[in-house]
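Consider the two complexes below, in which subunit A is the common component and subunit B and subunit C are the respective partners.
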Partner chain A sequence: MIGYLARRLGYYAVLLVVAVFLAYALASAALGPRTYFEAKQPRPSAAAVDRQLTALNINDRTPVTTRFGVWAEDLVLHGDLGRTIHDTSVNEEFGRRIWVSLRLLLVGSLLGMALGVAGGAWSAVKQYRLPDRALTILSFVLLSMPVFLVALFLKNGAIAAKDATGREVIPFVGYETPGLAGGVGAHLADWGLHLLLPTLALALGGLATYSRYQRSTMLDVLGSDYLRTAEAKGLTRNRALLKHGLRTAVIPMSTMFAYNFLALFTGAAFTETIFAWHGMGEWFIQAINEQDVNAVVAVNLFAAVTVLAAGFLADALHAALDPRVRY
Partner chain B sequence: MTAVLDTAPAEPKSPAAPGRGRLVLTRLLAARGATAGAVIVLLLFLLAFAGPYLTPWDYATPNYTAIRQPPSAEHWFGTNGIGQDVFAQTVRGLQKSLVIGLLVALLSTLLAGLVGACAGYFGGWADRALMFLVDLLLIFPSFLIIAIVSPKLKGAGWLAFVLLLALFNWMITARVVRSMTLSLREREFVRAARYMGVAPFRIILRHILPNVSSFLIIDATVTVGGAVMSETALSYFGFGVRPPDVSLGTLLAAGTDQAPVFPWLFYFAAGLLVLFVLAINLIGDGLRDALDPTSDRSTP
Partner chain C sequence: MSASLLEVSDLTVDFGAVPAVRGVDLAVRRGETLGIVGESGSGKSVTALAVLGLLPRAAAVGGSVRLDGRELVGLPDKELARIRGSRIAMVFQDPLSAFTPVYRIGDQIVEALRIHRPQGRAAARRRAAELLDLVGIPAPERALDSFPHEFSGGMRQRAMIAMAIANDPDILLADEPTTALDVTIQAQVLDVLRTAQRETGAALVLVSHDLGVIAGMADRVAVMYAGRVVETAPVDELFARPRHPYTLGLIGAVPRLDGRGGPLVPIPGTPPAPGTVTGCPFAARCPLVEDRCRTAEPALTGDDGHLAACVRAGELAARAPRPEEVYPVPPVPPAGRPGEEILRVTGLVKTFPVLKGTVFKRRVGTVHAVDGVDLAIRRGETLGLVGESGSGKSTTLYELLALTRPEAGRIDLLGRDTAGLDRAGTRELRRAVQIVFQDPMASLDPRMPVGDIIAEPLRAQAAPRAQIDRRIPQLLRQVGLEPAHASRYPHQFSGGQRQRISIARALAVEPELLVLDEPVSALDVSIQAGVLNLLQRLKAELGLAYLFVSHDLSVIRHLADRVSVMYLGHTVEAGTVESVFESPRHPYTRALLSAVPLPDPVAERARTRILLAGDPPSPRERPSGCPFRARCQVHALLDDARRARCEQEVPLPQAAAPGVDHLAACHYPDA
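Moving on, here comes the complex of A and B:
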C-alpha cells in the first residue's frame, strides 16, 4: 500500500507542476496589470510603468517562461510567492487568509460527508419509510440549489431573525466579532457561532450529494450474501451492518469525496464572499478585478494543493477500506 | 439521440418482447416524479419563450413613474429600482439560462462521450495522454479558470461563455465512459467488428457509443441542471452573463441586497431556478430507473 500511495504522490507532484505553470501562463495572458497602472491618476510615464511591472515580475514584455522561471525559483528556494500589485507581500496576505478558508473547507467537507454517509445509510435501512422519504425530498431540493443560493437563503433568514427580535441572533457577517472581550472560551464560542451559517451552507450540499449515493450503495450491500453470512455466524443485525455493511458501502464514497471537493472549493469561495469572510475566495475575486497576477496564481496554487490533498486522502481511504484491493 | 437509442439493442432478444423504446417510455410514465418533472420543464420552457409576448412591458425599458412597486395586476412580479418590469426580466433571464444549460449539456456530453470512448478503445498512449488531460483539468475548480479568462471575453458574448462552461464540464463523465468502454472493448460483438476490419472510429460510433448511450442520456439530463446552476453562480459574481444580457444569475445578483425589503426582486428568480433544476433532477432520476437494465422493474 505504501508503494501505491508513493506512486500516486509522484503522479500528483507532476500534475501539480504542469498545472501551476499553465495557471501562471493563463493568468499572465488573460490579466492586464499594465492597464491597471496606466489607468492611475496622474498617469505615470511609460518608462515608470515598465519599471514598476518589472520590479513586480509581471511585465508582459518579458517572455512568460522567464517570468515563471523567476517566480518558481523564488518559490522553491525562498518559499516566496512574489509581490501583489500594491507591492505588498503575497505571502503575508496568503498567511492571513489561508486559515480562514481552511477552517471553512475542513469543517464543511467533513461535516457534509459525515452527515451524508450517516443519513444515506439510515435512509437505506428505513427504505420507503418516513425517514427515507423525508431525507430523499430534502436532498432533492438541496441538490437543486447552487451553494450561493443556499448561503443567501441562510443569510436572509438570519437578517429576518435580526429584524424580528431586534438583535443579532446568529451572526452573518465575518468570522469573529471585532474587539470581543473575554477569555478563550468566549472567543471559541464566538468563532463557532460565526462558523455556523457558512459551514451549514457547504455541509447541506454535501449531505444531499453523499446521502443519495450512500443510500444506493447501502441498498446494494443490504441484499448481499456476505451480510447474511455475517448474521448467520451470530452477529446481530446492527453489528453486521456496521462492521460489514457500512464499510463496504463507504468505499465508493472515497472517490466521490475527491470529485465533490472541487465543487466544495467553488462553493466555499462563494460562501466566503456572501458572508464577508476575508478568505482565499474573496481574495481571488478581488485580485481578478485588480489584475493582480501573482495573487491570482497564489490562490490557484492553494486550490491545486488542497484538491490534490483531497484526492490523495481519497486514495488512502480507498486503499485502507477496500479489502479486495492489495496494491 | 433517439436514433441512437433505436439501434442500441446489442443483446439478442425474443421477437415477442416489446421494443426497448416502448419499455423505457412505459417505465418513465409509470414514475410519477419523472412525469411531473417533464411537465414542469415543458411549462417553464413555454413560460420562457411565450412569456415575453404575454406582457406589454419590455425587459430593458425603465419606467421612472413605477419604481420598486410590489406585484400587482399591472406588473405581475412588480418592478425594480429603475422601474423595469420584473416579470419581463425574469422570463427573459429564464430563457437565457435554459438555452445556456441545454447547449452546455449537449456540448459537454458529446465531448465526454468522444474522449472517454477514444481513451478506452485505443488504450496505450492515447489513453494515458487523455487521462492526464482529464486529471489536469480536474485540479482546478473550473470557476477559477473561467473567472480568470472571463475579462478577456467581455466582448465575445454569452456563446463564448457556453463554450467555456462546456470545456470544463466533461471530465468526470469522460472517465466513466472510458471505464465502460474498457469492458465493452472485450465483448464479442466489438471483437467481431474489429476482426471484420471495421475502422476504429466507426466501431466507436456504431458499437461503443450506442452501448453507453443510456448513461450519456442520464448524464446529459442532469448536466442541464448543473450547467444552469454554474451559469447562475458565475453570473452572480459577475464572471458569466453580463448586462445588457440578463440571466437568472444577473437577476439574483441585482436583487440580493434588496431581498429582505423588496422580496419580489429576488425570490421569483430564485424560485424558478430551484423549480427548474428540481424538475430536471426528477427527470434524471426517473430516466436512471427506466434505462437501467439492472433496476428491479427491468423484466416486463
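Moving on, here comes the complex of A and C:
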C-alpha cells in the first residue's frame, strides 16, 4: 500500500509541475499588465513602464520561459511567489488569505460528502418511498442551480431573517466579527457561525451530486449476494446494511471526491465574493481585473496543490477502503 | 411428522401480484438430506430464502415455517437474525459474490462466530482456522488473511461452507451450491458438504436443478414446479417409480454419462407464467392430460411418504412406465457414415502477454492459453470438446474462427491451410463455418425481428432478395418454429426457442461445420433435451459436422461421435465416445468422468469417486513435464524413477494400440 501511494505521489508531483507551468503561461498570455500601467494617470513613459514590468518579472517582452525560470527559481530556492502588481509581496497576501479559503473548502467539501453519502444511502434504502422522492427532487433542484445562486438565496434568507427579527440571526458578511471580545470559545463560536452559510452554499452542491451517485452504488449493493450472506450469518438487516453494504458502496465516492473538488473551487470563488470573505477566490477575481499575473499564478498554484492533494487523499481513501487496489 | 425439525406448511410468497411460491409443504428431519429439485422459476430458491426471511421487502410471505415448533414467519428481524447462522445456516450459489469483497475471509468467519457467541477475537480466529482446515483449505492460518478475490471459486465455496457450519447449525440450507463450479471442483465441494454434515449432524436442505447432484446426495427429494411441490418421495423411490409425469419427464430429459437411458425425452412447451394457472399447472405440457386435470389443481397426496400432485399418480405408480413410453419422442434419423476430414488442427498454440502498469505497460508473464491442441473432424461427425474453465477450449474456438495463421501449429479447414488464405478463400470459409453461442439472448439483436436476424448472414453473402424470402420460412420450420414467427422479436420467445433461432441463423448460409459453444448450458433440462434432439436431427438431415464445446460430459456423451479432452491448453485424450467414456486412459479423464454425478441414486452409491486435489494451476505457470502433474492421482502413487519422467518429459499423445482411434497424453496410461 505504501508503495502504491508513493507511486501516486510521484505522479501527482509531475502533474503539479505541468499544471503550474501551464497556468503561468496562460496567465502571462491572457493578462496584459502593460496596459494596466499605461492606463495610469499621469501616463508613465514607455521606458518607465518597461522598467516597472521587468522589476516585477512580468514583462511581456521577456520570453515566457525565461520569466517562468526566474519565478520558479525564486519559488523553489526562497519560497518566494514574487510581487503583486502593486509591488507588495504575494507571499504576504497569500498567507493572509489561505486559511480563510482552506477553512471554507475543507469544511464545505467534507460536509458535502458526508451529507451526500448519508442521504444517498438512506435514499436507496427507502427507494421510491417518500424520503427518496423528496431527496431526489431536492438534489435535482440543487444540481440545476449554480453555486452563486444558492449562495445568494442563503444570503437573502439571512437578510430577511435579520429584517424580520431586527438583529443578525446568522452572520452573512465576513468570516469573523471584527473586534470581538471574549475567550477562545467565543471566537470559535463566532467562526462557526460565520462559516455556516458559505459552507452550506458549497456543501449543498456536494450533497446533491454525492447523493445521486451514492444512491445508485447503494442500490447495486442492496441486491448483492454478500449482503444476503451477511444477513444469513445472523446480522440484522440494518447492521448488515451498515457494515457490509455501505462500506462497499462508499468506495466509488473516493474517486468522486477528487473530481468534485475541482468544481468546488469555482463555487468557492463566488461564495467568497458573495459573503465578503477575503479568501483566494476573491483575490483571484480581483487579480484578473488588475492584470496581476503573479497573484493569478499564486492562486492557481494554490488550486493545483489543493486539487492534487484532494486527489491523493482520494487515492489513500480508496486504497484504505478497497484492499483490491493495493497491488 | 411430529419429529420434524423444520416444518414448512402452505408457504406462499408473492412479489406484488405475482405468486412465486404457492403453498409449499416440506418437512426436514434431524440429520437427513432433503433435496429440492426444480427448474428456473419453479420457486425452489425463493422457498429456501423465505425460510430464513431473506427475501426482499417487496415479497409477501404467507403460511407457516416452524423450527422445533416455533413459528418463524412474521418474526421480527431481530429475532430471526438470532436464528440465522446459528440454527439455520445457508450456503449460496455464487461464491464469487457471496463474500463481501473488502473484508478478509477470516474476518468474515470471525464475525459469524462472534455474532452468536460472544468471544475474544483470538479465540474466534483459532476456531475459524479449524473450520477452514475442516473444509480442506490448505494453510488455513494464511487463508484467514486472504481477501475473497484471492481465492478460486472452489476455495470460496469451501470457505462459505466453513462459515455456515461455524455455529453448529441444526439445518444447512444450500442453494445451488455447486452450480457455478467445474465438475471436479463440484465433486470436491459436495464431499465437503457431506463432511460438514457429518461433523455437525445438521440436516441438509439441498436446492439444485441438477438431478445427478440430488441423486447422489439426498435421502428424500421434493420436486417443485410452478411454485409448488408436485412430488416428494425417498430418493430411490422417486427415481425408480416417479408418480408425477413432470418428474418422469425430467428423468427422461437428462442425458446420462453411462450412455444408458435411451433417447432424450423433451418436455414440450414451457412452464406457465406465474399467476395464470387454474387446474394442474403442468396440464399444458403433460402427455397424460385429461379434462379433469384442468378443473382444479390436484392436491399432493399419496402413501408411505411418496406423494404426488397428479390425478393419474396412482396409474403411474402401478404401471411404472419408462419416460419414452409416456412422452412422444421424435424419431432421430440415423446419422450417415462420416465422410472426409473437414477440419484438422495440429499443434495449435496461442499465448497472451500478461501486462502490468497503468501508463507504461510492461510484460510480466505469458498465459499459455492453448499449448498444443490437436483436433480432427470429418463430415457428418460430431466432435465434443471437453474441458473445465481455463482449459483453453474457448481460445481454441476463437483461433479456429479467426481464419488466420496461428501463432504456431496448423489449421486446415475444408482442405485449406488458414495461414495462406486469400480474400475469396476467407469469404468461402466464413460461410462454411458458423457458430452458435451459449447465451441466445446476448447473441440476438433485441431490436430486430427474427426474420431479419436469420437473414443477416445471407445478406452478408449478398444473396438475392427472392432467395432470402424463400429461405426464412424454410429455416424456421427446420428448427421447429413457425414461419409466422419471422415477424416477432427475440424477447417474445423462450430460451429454448431463442436458441433455435440462433441455430436457424447459423444454418442460413448452409455451413459445413457448425461450432456449438455451450449451446444448451443456459437452458433448463426439459428444454435442453429438445434442442439436443434438434441438433441430432439436423446433423443427420444436412450432413453437418459439429464441433461441440461443453463442460457437461453427459451431453457430450449423448451427442458426440468423438471426443477430445483438454487440460491446461493441452489435448490430453481423444477418441471415439465409446472408447473414451467406457475405458478412459488419461488419469484426468478418469477423474473427470468419475466426478460427474449420475441421475440414478443406486448407481451413484455404487460408484467410487476419484477426488482430484486442488484447483487447476493458472495457465500463467507452465509446469515442466506433464501439465496435469500437480493434481494427478496416478503420479502421486508412482515410484520416484517413474515420477521423474512425468516431471521432465511432456507426454505426447499415444494411441492405445496401433491404428486405434484413442489417444492419451500420459506416460502411464491405463495405470
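Here, the second predicted complex is superposed on the first by the 325 of 327 C-alpha atoms of A that agree within 3 Å, B and C clash if a C-alpha of one lies under 4 Å from a C-alpha of the other, contacts with A are read in each partner's own complex, and residues count from 1 in each chain.
As a working rule, a residue touches a chain if its C-beta (ideal position, glycine included) is under 8 Å from a C-beta of that chain, and two chains touch if they have at least 3 such contacts.
Keep in mind that what you see is a predicted model, and the values were worked out from it rather than measured.
Engineer: Scan A:285 for contacts with subunit B and subunit C and give back first, second, both or neither.
Structural biologist: A:285 contacts subunit B only, not subunit C.
Engineer: Of the two partner chains, subunit B (first) and subunit C (second), which one does A:144 touch, if any: first, second, both, or neither?
Structural biologist: first
Engineer: Between subunit B (first) and subunit C (second), which does A:86 come into contact with in this model arrangement: first, second, both, or neither?
Structural biologist: So A:86 meets neither subunit B nor subunit C here.
Engineer: Of the two partner chains, subunit B (first) and subunit C (second), which one does A:133 touch, if any: first, second, both, or neither?
Structural biologist: A:133 sits against neither subunit B nor subunit C.
Engineer: Looking at A:40 after the superposition, I want to know if it touches subunit B, subunit C, both of them or none. Which is it: first, second, both, neither?
Structural biologist: neither
Engineer: Quick one: classify A:270 as touching subunit B (first), subunit C (second), both or neither.
Structural biologist: first
Engineer: Let me test your reading of the model: by the given contact rule, A:230 touches which partner, first (subunit B), second (subunit C), both or neither?
Structural biologist: second
Engineer: Count the residues of subunit A touched by subunit B and by subunit C, then name the partner with the higher count.
Structural biologist: Of the two chains, more subunit A residues are contacted by B.
Engineer: For subunit A, which residues lie in the overlap of the subunit B contacts and the subunit C contacts?
Structural biologist: Common to the two interfaces on subunit A: nothing.
Engineer: Going by the contact rule at the top, pick out the subunit A residues touching subunit B in the complex.
Structural biologist: Residues in contact with subunit B: 15-16, 18-19, 22-23, 26-27, 30-32, 140-141, 143-149, 152-153, 156, 159-160, 163, 259, 262-263, 265-266, 269-270, 273, 284-285, 288, 296, 299-300, 303-304, 307-308.
Engineer: Please output the residues of subunit B touching subunit A within their complex, sorted ascending.
Structural biologist: Contact set of subunit B toward subunit A: 132, 135-136, 138-145, 147-149, 151-152, 172, 225, 229-230, 232-233, 236-237, 252, 256, 259-260, 266, 270, 273-275, 277-278, 280-282, 285.
Engineer: Would you pull the subunit C residues touching subunit A in the complex into a rising list?
Structural biologist: The touching residues are 49, 52, 54, 77-78, 81-82, 84-86, 89-90, 92-94, 97-104, 111-112, 115-116, 147, 149, 160, 163-164, 166-167.
Engineer: State the interface residues of subunit A toward subunit C in the complex, per the touch definition above.
Structural biologist: Residue positions touching the partner: 224-226, 228-238, 244, 247-248, 251, 321-324.
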